[in-house]
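Next come two complexes built around chain A: one with chain B, the other with chain C.
After this line comes the complex of A and B, so read on.
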């Protein structure tokens, strides 16, 4: 066969691909975008591992969205909520897998967000010019926790029902407005079908509506300011610092981390699939040791302990007050430790971070210990 | 019933076997694949005059020797201890049926271990051609250990009609080769060989990750790229070989794979499907990571990534082995011996004469024991191979929502073992006389109820 003829189809394909690329590039400047990604450098050092946690959090959020959309196909909020989740878990092909992936990735996302937050903290990535990155991150963390809380009730089995009932004690303890806010969220004095409807609306409409703009701003800020150097790297002279290209080197590793996260999720969802307990019955006794999800355990335990030490409204007020004060300090940390060099303020910030991390872990363990 | 019970709380005997087996397999298959990798890589380096490659390979050979000869052999012996204790009847059958096979296996083991040591300790001390020959003898002997053990392992799933026709007659050894080259022998051998080559590549990445990619970028890239190619045959062929393997498995066993598609009910048996899913997911990820993170980013490919890939290989191996084990249910030796060690042909005898009457490992006459105590003996003998009281597949969790009537029903159903019983697919029958069944119910009722979560 004539060589030129045999090469013709390939050339045709290349021309078509080039034409399509050229058409898109002319309008979206893909070449400029790729060139920018290639120029962009990511620091490479012994703490680089912590750079991946923002991406891992984002990955679990993407899983949440995709598996959540699939669950929406069969989930029926309201009186049939429990039955629909039962069908998803025990009747529909691979329904159990989608539900388990959704539940596990919710937990893994909260965990990844916490790891991301503390790694950002200890790398001092809240300092100028990254303050807005820190604040939008905190807002995203708050929204993530509300996502988790609102989703937990939706299966309406006994565990979901009683854990939500217990969990709602936290906002109810807020002085003055606590009871009102809780009743609005609950749709009445008790958890009913109305509550499911409200939680569902919150979970799939209101929260995504709030979350996505903040996520976009957060990611944009990360791209704009780049990865922060930890103090140990900052102390090194410029020529001694190593870096890799954002694209394709860091990007490939980031995708590798996503794949590893996907595998951890798949292993957990397959080996420990999320079961469904008996249908919620408000007249039945609460199962023994009922408690909110692990990420609310520290708040729950503080309220419980303060309630024990200072019975009545005083205990609730002190418990909520302690948490609020902690949150305020956490949010204003960029002002407390604003300098780039190490100093007494940097040390103070470090001890605040360490106290927060160890405190959260210790109080959570304490909470489980007392169940 | 010639052996005492091995009671492993929380984990169960099967759990202990599983843990050791997965760990062992990851090393044993490396011993087979890596045994071929080393001389082929050495030959390539010698031909191309790559002394830098040879230095890396020598380091890899040391790592290989330590891992396979120390950890591989001890864990291999560990498996035999564990299966001998957890399922003595099945182990006895394997030993008696394959005496000749075991003898050959140990010959190959000795050759393999000797050659592994000789290969490393003669590096740069003897002629390179002779050194390569030692490497090839190692490769051949380690492959032959797989050839033998594969016959014994696959026999347990599909002993084949010929062997089954003489099973229990005392003439089993006369059909040795039929049992050895059983229906799943060849697909399993091909799959295991392909996996062994993949593991050779994956373990080589561990050594390669230790090369400083900023100081020796070319060397690191070449070794990683060459090692990664060892994964290609498995990537291309294992899916087809797996279908071949499944086609050789009896239809009733294959159905277990479908069970977990729509549900996570029915105890832990839906786990076969879930384990198979993990195998597919982790295997595909290994290929993707090796290409994108190791080959395309060889310079900064570090030990952390290499270990991650190795852990994925561990997950893939573990999941596959678990699926294979579960696929064999309700038997430990297909259509011959149930997973609790009761031979199929003994069921009628135990039902008429009593199960405990044939258990010689009990301290006294069972007629003077309480129902609960006799029931516990029944539990240990017939349920303990797969269930614990409160741990892995714990009865206290599985029975937590059942009252006495309901426990009686399930025990009765397993005792009757009717053709339409849903448990028939994956659980052995409960054997014994009616009073022994009542004793078992009495014992099961005493197990403390524990919440599922």
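After this line comes the complex of A and C, so read on.
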């Protein structure tokens, strides 16, 4: 009693805070939300490390949004695009850092998304009832890659120009509608100011507009179904499985991962600032060793090699066909491996995943080797 | 049986209570440390973002710091007319009176910041926004809402060049 009396001023502050909390709680049921978060459990086992990669992807997405908004303050699409990025990089205070953080975070996000996807795959987390999580994830991956592709053009330096030029040859090779669709996306037969304006609209309005609802569904599904158990855990009897509370235990670890990601991003963005090449010149020859970003390298290499093996349009068609077929198999994997028990179908899925992972890595390395 | 760890558990379960004893002061120390590290992060991110956003304002402040500007050929300005020019970042006006002398003012109305104009017919400086009027020689506020005179600049004519400087 005495102790509490001596703490009078503190008590007053606490009562006010409690009153405000009570007022909000009555309307939004915060207590229920916190209770729910405390009740929610996350499985704890030797593969738990892979549970963090969706969150890491989300962290880099948040960085993309914030740094993107900052770039929007000075970036001018259209004829002044290159000049405005030059100003951001070399003139505006810390502009180089904001731009570097945006570029590095984009690459780290794609990397985290791939790690997330393959870890989900090998945990067989695409199985019932999580098929929609898998599909929304694939849509988000596709949108992420289009984000990367459209953002790459915006500085309009020579690398951006040629990467976009080559990249747009891929949809142009689609039979019948390819040329028409590509010209609409590009705004004509060549990459010009018109293209930048379109890619800008795509990058900052259309893609976020499409991305956010799928992200919301994706995260909601994780909340609804909880974290999937990997097969090795499923095999254990219920009492042997361990779990931790989502809040505060898993949440704290999640935030630790975010902090680690932030530190890695800060080191990369500040020590290896993203460069700006010479301004794109439609009459200049492509620079030696031109290649796309690493996450498009495997597609680039396949098209290159198939073009060598099957000269003409056939090679291009086969290359695109191979990727499309792979993507379709990847999307229907929940149907191929639909049973919960491990069996021959699970083994098939495992080998498909292994082939995809090793194939992508090998072809990417091959692509860099041949530069 | 109550041992030390049970007591600790009871204390920590009353988490909201004031820190007491060695354990609780360690807790508050850790919280303080986390807060300090958090503040460093906020500063390390906030400072570049602030400087990034403030760049144009800082550049404008540098530009506004000019003390004088030279207007070439302004000595040929016809009498009873005004020339608008930029002094630092703000609009300014050079008036040539009927007797051939010059006056220069900051052309920003002291009421609500509109740019003022020289009214040739009335030989007065007027503001179209709210009807403010100023004297074209002294810059003093004559009529309407302006609370203060216009800021007056010194004018010097030499070799066909008019130099306007802060008073």
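By definition in this document, the second predicted complex is superposed on the first by the 363 of 371 C-alpha atoms of A that agree within 3 Å, B and C clash if a C-alpha of one lies under 4 Å from a C-alpha of the other, contacts with A are read in each partner's own complex, and residues count from 1 in each chain.
Going forward, a contact is a pair of C-beta atoms (placed from the backbone, for glycine too) under 8 Å apart; a residue touches a chain by one contact, two chains touch by 3 or more.
Just so it is clear, the model here is predicted, and its values are computed rather than measured.
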item	value
Which superposed partner A:103 touches (first chain B, second chain C, both, neither)	neither
Touched partner set for A:93, first chain B, second chain C, both or neither	both
A:273 touches, of chain B and chain C: first, second, both or neither?	first
Which partner, chain B or chain C, touches more chain A residues	B
Which of chain B and chain C A:49 touches, first, second, both or neither	first
First (chain B), second (chain C), both or neither touched by A:301	neither
Which superposed partner A:136 touches (first chain B, second chain C, both, neither)	neither
Chain B versus chain C as contact partner of A:195, first or second or both or neither	neither
Set intersection of chain A contacts, chain C complex versus chain B complex	92-95, 97, 262, 266
Residue numbers on chain C that touch chain A, as the complex places them	16, 18, 41, 44, 48-49, 51-55, 58
Touching residues on chain A, where the partner in the complex is chain B	44, 49, 89-97, 100, 159, 242, 244, 248-249, 252-253, 255-256, 259-260, 262-263, 266-267, 270-271, 273, 275, 277, 287-289
Residues of chain A that touch chain C when the two form their complex	3, 7, 10, 14, 70, 73, 92-95, 97-98, 262, 266
Residues on chain B engaged by chain A in the complex (per definition of touch)	214, 261-265, 271, 274-275, 277-278, 281-282, 285, 288-289, 292-293, 296-297, 300, 304-305, 308, 312, 315, 451-453
